[in-house]
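There are two complexes below, and they share chain A, which is joined by chain B in the first and by chain C in the second.
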Partner chain A sequence: MMRRIVVVLGLPVALVTVWWVASAGSTDFYRPSLQRIVQAFAETWFGPRLVEEALPSLIRLGLGYAIALTVGIAVGVAIGSSTRTRAVTEPVLEFLRAIPPPILVPIIMLFAGIGDAMKVIVIVLGCVWPILLNTVEGVRAIDEVLADTCRIYRVKPLRHLVLRAASPQIMTGARQALSVGIILMVISEMVAASSGLGFTVVQFQRGFQIPEMWSGVLLLGLIGVLLAGVFHLAERRILVWHHGSRDADRR
Partner chain B sequence: MLIVDRLSKVYDADGRRVEALADISFSVAEGEFACVVGPSGCGKTTLLRCLAGLLTPTSGTATVHGKLAVVFQEYGRSLFPWLRVRDNVGLPLKGLSKRESEAKVRDALEAVGLTDAAGAYPWQLSGGMQQRVAIARAIAYGPMVLLMDEPFAAVDAQTRADLEDLIRDVWHRLGVTLLFITHDIDESVYLGQRVIVLSAAPSRVAEDIIIDLPDERDQLTTRGDARFVELRGRVYAQIQKAKRGSTP
Partner chain C sequence: MKPLLGLAVFGALWELAPRLGVVPAQWAPPLSRVVRTLLAEAREPRFWSAVGDTLVTWALGLGIAVAAGIVVGVVIGAVPVLRTATASTIEFLRPIPSVALIPLAVVLYGVTMTSTLVLVVYASFWQVLIQVLHGVADVDPVARDTASVYRLPKIRYLYWPTALPYVATGVRLAASVALILAVTGELVIGSPGLGQQIAVAQSSGAVSLMYALVLVTGLIGVGANILARFAERRALAWHPSVRREVPA
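Presenting the complex of A and B:
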């Protein structure tokens, strides 16, 4: 247990210490001391601002991510279940996936404005591809013997077979989509917004509030780590059987 | 019961035409235990898949009267790895109260001697135990007809002997119509009341042999029985003849 803690926390603690010591007493305006940044962090974020700025960002992310999950899994199952649909759609999907989603921000602004709808749409359009393509792969690889078993015993395949069998792949796509979603959340707010973390960081930068700006970057990093942690817990729960059977195969 | 009438199956893929079943007719009476045996590649599995409704015959019919359950050869792939043993067995049960279905699952697991494994995942069990779970699922489903496709081909010899006796026991208890497909001549003679010998592909029924061994069978005495040896010799000779027939 002790060993694990040392392994997990060792490097972060060392890096923070190095940063702290190296930046101590810094007079460089653009690179303030870590002590100064931490101070700004407490002043900036321990208060109503956390709710006013972080919450809108997280709601947009949550909404966009949820829509992308629903659409990606539904369309992915439909495409993955049929060899012909897969053959027809694959080139188009590869093209759509290859478009870097941030480029869509100015375009979507044209018809969705600069409100929340635009940001949610951007997040959906970025997140949906990894989920969709991984779902297609997962559904394609479903074992035929299990499919036959469902037919013989008249078990509904969608719920009992397709979604469960594809769940490891779906989770892989969902994990990629989560990091894409966080990036797009920030980018869409940096370009055009009146609230949100990306917007706030840009505001601080324009106002030359450099320690505050850095503290916003730290906060985004922490939120990323937190969301990844929550995701990891959910995945462990959903894929208990998958990790177990994989380990059993290795033995 | 189960009726196969002038069944033929031709696979037509990428311009290559493979005739698996030429013209097969036989029937298995209600409550009867029949084995199908034939040289490898003779279309045994094709026959089973037609009977199970997983494959459409090219001509003729394969009909099963009554509720059907199937036990596949690939036990590891026919169990749902995300469900525990008891949920795998209970999955096909519908329209029952929770108590009733739990009782059915418990009885089925008891019948195959796996009461203790109810809470395990399939991949935590040995191959023989996994196949027992698949058999328990078939029992709990309460079929009229049970099809088995080389169910013991992938387990070791001792486990196999145990499972053979288990299947005879299950058949006695449930009174189901049972069609057991195998490539193992000894197994076919030991298990059933009848052995249907298929010729090499394109298959026909080469011979239909009544196994008139006493109903009480056990691995040691039955297999040493003079009549068993004689019947096995007959099936073996038929299969040799069937093989030669296909490669003139």
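Presenting the complex of A and C:
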């Protein structure tokens, strides 16, 4: 147990210590000491700002991500179930996926202004592709014996066969979509907004509030890590049957 | 034939929707107008220098990330102590969104290609590193024993061939991430390239130029995907590609 803790925490603690010691008493305006950053972190984010800036950002992310999941899985199942639809739509999907989602921000601003709707749409448009394409792949790779078994025993195919069999692939897509979503949440606020985390951090940068800016970067990093952790837990619950059967195969 | 049908329908929808007034034409110009704008723009030298800047940022960033990812990955993967000691740190650093570094990059490097490069390298490095780590861990025990008995150089004959398919997957993933970050950096930071041109077109209200540039970026993305898949097939021509790719 002791050994495990040392192994897990050893390097991170060492790195933070090195940063702390090396930057202590730093007089470089752009690279403040870690102590100063931590202080700024507490002053800046512990208080009403966390609710005013971080919460709206996260709500927009959650909303956009949920819409992308629903649309991506629904359309993905439809496209994946039919060979003909897949052949027709594939090149278009390849092209749409290849457009870097952040450059859609200026275009969506034309239609939706710079309000919440724009940001949610941007997040949906970015997140939907990894989910959709992975769902298509997952549905396509369904075991034929399983499909025949379901047909014979008249098991409802959508819930018990299609979604279940494709779920490991769908989760892979959902994981990629989550990191795209976080990127878009920040970018859409950096390009055009009057509130939100990305906006606030850029304001600090433009106002040369350097320790506050560093603390914002830290917060964005922590949010990324936290959401990845939450996703990991959710994935373990949802795919518990999959991991179990895979481990059994290995033995 | 069918793939072309899909593209044709997509193009027709894009052309007809604004013309029939389904979407407002001043915000979504029909495809023909966008293509005309693109052809006019293609005569301007600034367009080609923007394309060149974006491609250089992309290639340079991808190159650095791939080289660093492979070296770090093989070293960490080959030494079990390093592997266990760094696992938690890697798991922690990887999900940090690269765009969070934008303000830092601007403050430290200014509005230059270096700022964008930092983002590109940071984002694509992890894609490569994770795949290399998976690949090195996948070494066959019999191959390992054979290599030790015959005293073969381990990196050349053991780790490299085992990890190569994973490296190829990592490079393919990194190539598309690198393009996204290159254009994003140009758009938000303002370093020279297609992203910056899009920002300029937006602020000057050149709507159909904006669509034309987005179209070009998408085509570059498709090109990058095709190129990466082609390179993957070339590099793995010897490999009995039965090994399952690790989804990232």
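Everything below uses one rule, namely that the second predicted complex is superposed on the first by the 250 of 251 C-alpha atoms of A that agree within 3 Å, B and C clash if a C-alpha of one lies under 4 Å from a C-alpha of the other, contacts with A are read in each partner's own complex, and residues count from 1 in each chain.
The rule is short, and it goes like this: a residue touches a chain if its C-beta (ideal position, glycine included) is under 8 Å from a C-beta of that chain, and two chains touch if they have at least 3 such contacts.
As the structure is a prediction and not an experimental result, all values here were calculated from the model.
A.B. asks: Identify the partner contact of A:1: answer first if only chain B is touched, second if only chain C is, both if each is, neither if none is.
C.D. replies: Neither: A:1 stays clear of chain B and chain C.
A.B. asks: If you tally the residues of chain A touched by each partner, is the higher count for chain B or for chain C?
C.D. replies: Here the partner covering more residues of chain A is C.
A.B. asks: Please indicate which partner A:103 is in contact with in the superposed arrangement: first for chain B, second for chain C, both, or neither.
C.D. replies: second
A.B. asks: Could you say whether A:201 touches chain B, chain C, both of them, or neither, answering first, second, both or neither?
C.D. replies: second
A.B. asks: Once the structures are superposed on A, label A:176 by its partner contacts, choosing first (chain B), second (chain C), both or neither.
C.D. replies: A:176: touches chain C, not chain B.
A.B. asks: Quick one: classify A:241 as touching chain B (first), chain C (second), both or neither.
C.D. replies: Once the two structures are laid over each other on A, A:241 reaches chain B alone.
A.B. asks: Once chain A of both complexes is superposed, is A:145 in touch with chain B (first), chain C (second), both, or neither?
C.D. replies: first
A.B. asks: Touching A:155 in the superposition: chain B (first), chain C (second), both, neither?
C.D. replies: In the superposed model, A:155 contacts chain B only, not chain C.
A.B. asks: State whether A:224 touches chain B only (first), chain C only (second), both chains, or neither.
C.D. replies: Only chain C is touched by A:224; chain B is not.
A.B. asks: In the superposed arrangement, what residues of chain A touch both chain B and chain C?
C.D. replies: In chain A, no position sits in both the chain B and chain C interfaces.
A.B. asks: Can you list the residues on chain B that touch chain A in the complex?
C.D. replies: Those residues of chain B that touch chain A are 52-54, 68-70, 72, 74, 77-78, 80-83, 91-92, 94, 121, 123-124, 137, 141.
A.B. asks: Chain B touches which residues of chain A in the complex?
C.D. replies: 143, 145-146, 148-149, 151-155, 160-161, 164-165, 167, 241-242, 244-245, 248-249
A.B. asks: Could you list, by residue number, the parts of chain C that touch chain A in their complex?
C.D. replies: 2-7, 9-10, 27-28, 84-89, 92, 94-104, 106-108, 176, 179-180, 183-184, 187-188, 195, 198-199, 201-202, 207, 210-211, 213-214, 217-222, 224-225, 247-248
A.B. asks: Where on chain A is chain C touching in the complex?
C.D. replies: Touch residues, chain A against chain C: 7-12, 15, 30-31, 84, 87-92, 94-107, 109-111, 169, 172, 176, 179, 182-183, 186-187, 190-191, 198, 201-202, 204-205, 210, 213-214, 216-217, 220-221, 223-225, 227-228.
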